[in-house]
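Think of it as A, B, C and D in the order they're written, each chain with its own count starting at 1.
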Amino acid sequence: MTKSQYVRANYQVNATPQFHVLSEHQCENIYYGALEALERTGAEVHSRTALEIFRQGGCRVDGNRVRFPTRLVERAVSSTPSRVVISDRHGHRSMFLEGSNVYYGPGPTNTYTLDPFTGERRRPKKSDTVRAGIVCDALPNIAYAMDNGTPMDVTPTLADVHAFQALLENTVKPIIHWGFGIEQYQDIVEMAAAVAGGLAELQRNPFIVLYSESSPPLRHSEEAIDKAIFAAKTDIPVIYTPCTFAGGVAPATMAGSLVISVADFLVGLVAGQLVREGASFIMGGLISTMDMSSSILSYGATELSLLSAGLTDVARHMKIPMFSTGGCSDSKVIDVQTGIEAAFSILIAGLSGASIVHDCNYMEYGATGSLELMVMDDEIIGMVKRILEGIEVDDEHLAVDVIDAVGPGGHFLGEMHTMAHFRDFWAPTLINRLRYDGWKAEGSKTMGQRIREKTQNIINTHKPEKLPDEVLRQIQTVVDRAEAREAAKKISK
Amino acid sequence: MSNYFEDLAHSVIAGQQDRVKQLTQQALDAGTDPVEIINQGLISGMNVVGARFKVGQMFVPEVLMSARAMNGGMELVKPLLVGQELPSAGKVVLGTVKGDLHDIGKNLVGMMLESAGFTVVNLGVDAGPQKFLQAIKEHKPGVIGMSALLTTTMLSMKDTIEVLKEEGLRNKVKVIVGGAPISQDFADEIGADGFAPDAASATDLCKKLLA
Amino acid sequence: MSKYFEDLAQSVIAGQQERVKELTRQALDAGTDPVEIINQGLISGMNVVGARFKVGQMFVPEVLMSARAMNGGMELVKPLLVGQELPSAGKVVLGTVKGDLHDIGKNLVGMMLESAGFTVVNLGVDAGPEKFLQAIKEHKPGVIGLSALLTTTMLSMKDTIEVLKEEGLRTEVKVIVGGAPISQDFAEEIGADGFAPDAASATDLCKKLLA
Amino acid sequence: MPAKSNYVANATPLFSILSPAQCEEIFLAAEEVLERTGVTVHDEEARDILKKAGCWLDGIRVRIPSAVVNQALNSVPKRVTLCNSRTGSRDVLLEGNNAYFGTGSDTPFTIDPYTGRRRRSTKQSVGWACKVIDALPNLDFVMSLGIVQDVPLLISDRHQFEAQVLNTSKPIVTTAHDIYGFADIIEMCEIIAGGEEELRRNPFMTLYAEPISPLQHAWEAASKLVLAARKGLPVVYTPCVMAGGTVPATMAGVLTNGLAESLSGLVINQATREGSPFIMGGVFTIMDMSSTIFSYGSPEFNLLMSALADMAHYLKLPMFGTAGCSDACVVDEQAGIEAALSIAMTALSGPNLNHDVGYIEYGSTSSLEYLTINNDVIGMARRLVRGIKVNDETLALDLIDKVGPGGHFLAEDHTMKYFKTETYYPELINRQRYDAWKENGSKTLFQRANEKVKDIIENYQPEPLPQDVQKRIRAIVERAEQKVH
């Protein structure tokens, strides 16, 4: 044992794999492109509140058109926290959105759901959101919950409020949640505050993240930008996501699409930072290509992975946490295509080091949510996490002594060294490595069949931790009040 | 002559606007009947484009280039159609419903309809029942098309249909709907005449409804 | 006393050789019947290991650690088995066939058989018919196991079986085959008594053939 | 466009598992293994060659001084070119980070595309596979994708090669049972190329051999390395190692041991004739400690193969990699996942000649549907690796201003110019809208792939070899058959 007697000097290792799509200079180039677009072309803003904030903040406002001086945008970027910590329902700090930490989870508001029991594609119900909460709660590699579909068996304008209730009561994990507008977000924050033990507690250890989407190019609807402003005012972290698709609402070139995406995020960010300097913002990024044959926004295209990774590079350049996309598919059923597209995007998003990777449940270019896909993705994420751990290189791991002890033609099965390290191998649960005969003896099941069994099993047996009765009552009160409000609106109409 | 029309149609398919203009001018100079230029050259090329797009052999930007090339020829022919109506497949009023700013899908439908020879009136975004009502009165379209991306805004489609009924205009016009959250079931439920899952089928649907 | 055997079995399962030795020594000092130590402690622990491996709760290196621990105990008990045969599940001769140097699979089978209480004679690699013949005469095994990784070398399995027939030994011994290109069909075709797709099933197969 | 200076751009994504210092560490450890532990060489001639080169012999155990390893690394060509067998066109440039994809050879079983049943591969199934590879644009080279088993097995390698070369003009990586098989195959290749020198100058085939882990060079393997060097033909040398089984359970140990096997093969090859083309191979993976399979789909396999590519680039050796394969016993979601991970990581790492596309069941069975599906996955990965171009034209600020807020880009010339090159359009991956997909029969990816495979088998015609060449090849196969009888 002489090899470890020496001390290494100037020894730089890759603690994890290294992966970058864009160089630092290219990131800068894209960022400056976005600043130029905002200063020259500006954005269309459809909210009176926001227009007033922009005007007072020093932007040039001309009707709906707002042009942003570079210094103003730069100031907003520099006042944005470079890290956001999200807690779970207990207030335990669980998601550290900083550096290159990666967390995976599902996406929201699909208009269909694939029923994991019948296989039917149908409209989501509130009971499906309950299932979504349970499955998110049970899967070890899913870091947070999102609704997996807009329930359509409740008052349509309160579908978000009902979905939030269903998630809140069925998972302790953080919740990222879409809302239709400010009123609904007020309801949602109130429910969350009831769980946290007051708004101040919720602000200190937020376990919810609000979510808003703008419609590129450079256009911001009233509810989109007002939601961002609401979040900043309320001091709750928010994700601002332009849905950018190359060739449709952005140039067909990848770099041009990144410019649109960054510029549109910055519009939301500036509004938020003008309202409250230091408000927690996460840069969103639903960015892909428009399939020019079917005209869908593709959730399975390589360009989704490439663009999201490029955008993540720019986000790191700006030192703002990144909300990326992966684990999704254009396939209509769980099949080989689903596996390919989900694995591809989960891998690249992981390598890119995006803070949050959402949509690990999106089938059919986002139209359908599937819990089975989420269960599949949980396994893929496990594999990718192993890849992200990289390779350790030191004397113990190089194992030159063990190689010598075993010698040519020997084997390592009975070695203490093997015993000490084989557990580092990633252990599959749904991936099957049985030999052919063994696999056949177990019924020749495809992975799709195993996924379905596991999903059903989770729904049937997993019991998430219950909220106290008193808190449940408070949550119900908020929902009832919202229902009364909507009913009153209908009558007055 | 048939070789000439073939050339013209091919130039439309290839999306070569300048070439289409050149060929059209040549034909006009040679005294060719404008209606023949349109039917056997311009429209005939565009029909091929439509068929190819449907089977995935052509892509959206190419279709739009072809449409642009065809329109280049049309511009030259139009002034010569003395007393004749420019052949139109019909008139369609399109709009994204109230409260919704998403309009890429609706615009695409509009362009596809135009490519197929329809006259399109585009109401833009945030179009409430009143806006549709006014457009129907003004333009007398055969079809109105409503688009929505959100589950909340799609409810406004029903409102528009109700208003049309109240105004006694419901049977004067066909109503079609589309957008991410829309399905055939939903279209049936709110009493629309049809649902189109994408731009190509919206064109087919309009053709069928106006046949 | 049952608590003690449980302890011993647990230590075998956990693969703690030192602890197994210590417990075995204690028991022997206390005058426990060696055969009982083996059957109720060492082998009983090893049976649990085999069952757990089969359902994927234990892994190969752990099984081998348990086997090593069990053998640590056996070494101490063996000298005291005066006049008694060490209980054995049977004797198996193993070899990788002629022309083939791949032996990780065959070695694994050997270790698994030993863990299950079989006595194994390992002929190593490149073992032709003559080598097997000689080993059968010398060791009188209940089973011989032939392993091959290549489609070319797997042909040598048939040769070995033919030689056994010629020598009139075919009925004296069971022949099992395994390796990547081998299948049940192939085993039947060459007249082997069984095919094992993996090490665990090779153990089961030997038990069945010798039952 | 303004002038710029000091501007660094990533022309492609940058990806690495190991830092240069880690590569050096592993290389030095492998040298230590060769010097201290050594290897066994089961071929007398190879041992003589090694002795003359300065190695220490102890029976069949050979210890190799680091100086000898370094000398071999200095003399081996840093690049190897493989050609089209019909045209001689130099299509496959094994150098730098170029990643090419092809199939594997040694699956005993195949899934019949007509019955869906798993059966032993035959001369016909190998012919079908080669036709399919020939037809698929993202597959660059051929391995037989099956062991021919319906002919006399001892000379099945000649039949196997015949089935390949008749059905594809893409470069072939060929296995053979031994040097006699190789000699026959080389003779066939010389006929096709038009002579010994022509074949050496524009090789359309490379030999394939593998050591037996840990640290053993069997007679077949060592003698093949010597033969390839004498003939001046490229040889792929591929250790197939499994962590915890034939090599240590730690990833760095796997790389050390596997690399030691490759480097000792390199030394045999270069000591025979300096400057012989040599391609370092590897299937580095784990032994699944529950089923004991050699895993073709584990995340460790992907990590190890990418790390080995880092090693190959560090050593400036052309590399033979592994991707597009699976442990799944059917072409299912798992097969899709495992292919996507391995192909994406391979494309990002850039090993040169990547085989085993189309393997399922941990390398026991081949599937033409899986192969065809992976043609799309390779296309996806290649798009990823093309990266993002950033310049004034692609940033498109003028266009963005012209379109303005709320507009769209569909009818712009810029879109027309770029949408096909900036975006990859897969062939079998489906992006139809739900209703259109349903109307077309609600087919899964596997069903679409099966249709395509059958269409290729029935309708695709590979470029034929001239009749007289075909006859002369047949004659060599028949000659071998006669020798067996």
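The working rule: a residue touches a chain if its C-beta (ideal position, glycine included) is under 8 Å from a C-beta of that chain, and two chains touch if they have at least 3 such contacts.
Which chain is which protein? Per UniProt: A, D = Trimethylamine methyltransferase MttB; B = Dimethylamine corrinoid protein; C = Cobalamin (Vitamin B12)-binding domain protein.
A quick note: this is a predicted structure, and the numbers were derived from the prediction, not measured.
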(message) Going by the touch criterion stated earlier, list every chain that contacts chain C and also contacts chain D.
(response) A
(message) Using C-alpha centres only, name the chain that sits farthest from chain D.
(response) B
(request) Could you give the separation in Å between the centres of chain A and chain D, each centre being the mean of its C-alpha atoms? (result) 36
(message) I'd like to verify one number: the distance from the centre of chain B to the centre of chain D, where each centre is the average of its C-alpha atoms, in whole angstrom.
(response) 51
(request) Give, as an integer number of Å, the spacing between the C-alpha centres of chain C and chain B. (result) 78
(request) Give me the residues of chain C that touch two or more other chains. (result) 59-61, 101, 104, 108, 198
(request) Send over the residues of chain D in touch with two or more other chains. (result) 212, 216, 244-246, 249, 287, 289-291, 364, 406, 408, 410, 412, 415, 419, 433-434, 436
(request) Could you list the positions in chain A whose residues touch two or more of the other chains? (result) 215, 219, 247-249, 252, 292-294, 367, 409, 411, 413, 415, 418, 422, 435-436, 438
(request) Answer with line, ring, star, complete or other to describe the graph linking chains that touch. (result) other
(message) Applying that definition of touch, give me each pair of chains that meets it.
(response) A-B, A-C, A-D, B-D, C-D
(request) Provide the residue numbers of chain B that touch chain D in the complex, in ascending order. (result) 15, 59-62, 64-65, 68, 101, 103-104, 107-108, 111, 125, 197-198, 201
(message) Which stretch or stretches of chain C touch chain D in the complex?
(response) 53, 56, 59-61, 101-102, 104-105, 108, 150-152, 155, 180-181, 183, 198-199
(request) Quick one: which bits of chain C touch chain A in the complex? Just the residue numbers, please. (result) 15, 59-62, 64-65, 68, 101, 103-104, 107-108, 111, 125, 184, 197-198, 201
(message) For a test of understanding, state which residues of chain A touch chain C in their complex under the given definition.
(response) 409, 411, 413-415, 418-419, 422, 435-438
(request) Spell out the residues on chain D that touch chain C in their complex, using ranges where they run on. (result) 42, 108-109, 147, 149, 153-154, 156, 177, 212, 216, 218, 242, 244-246, 249, 287, 289-292, 363-364
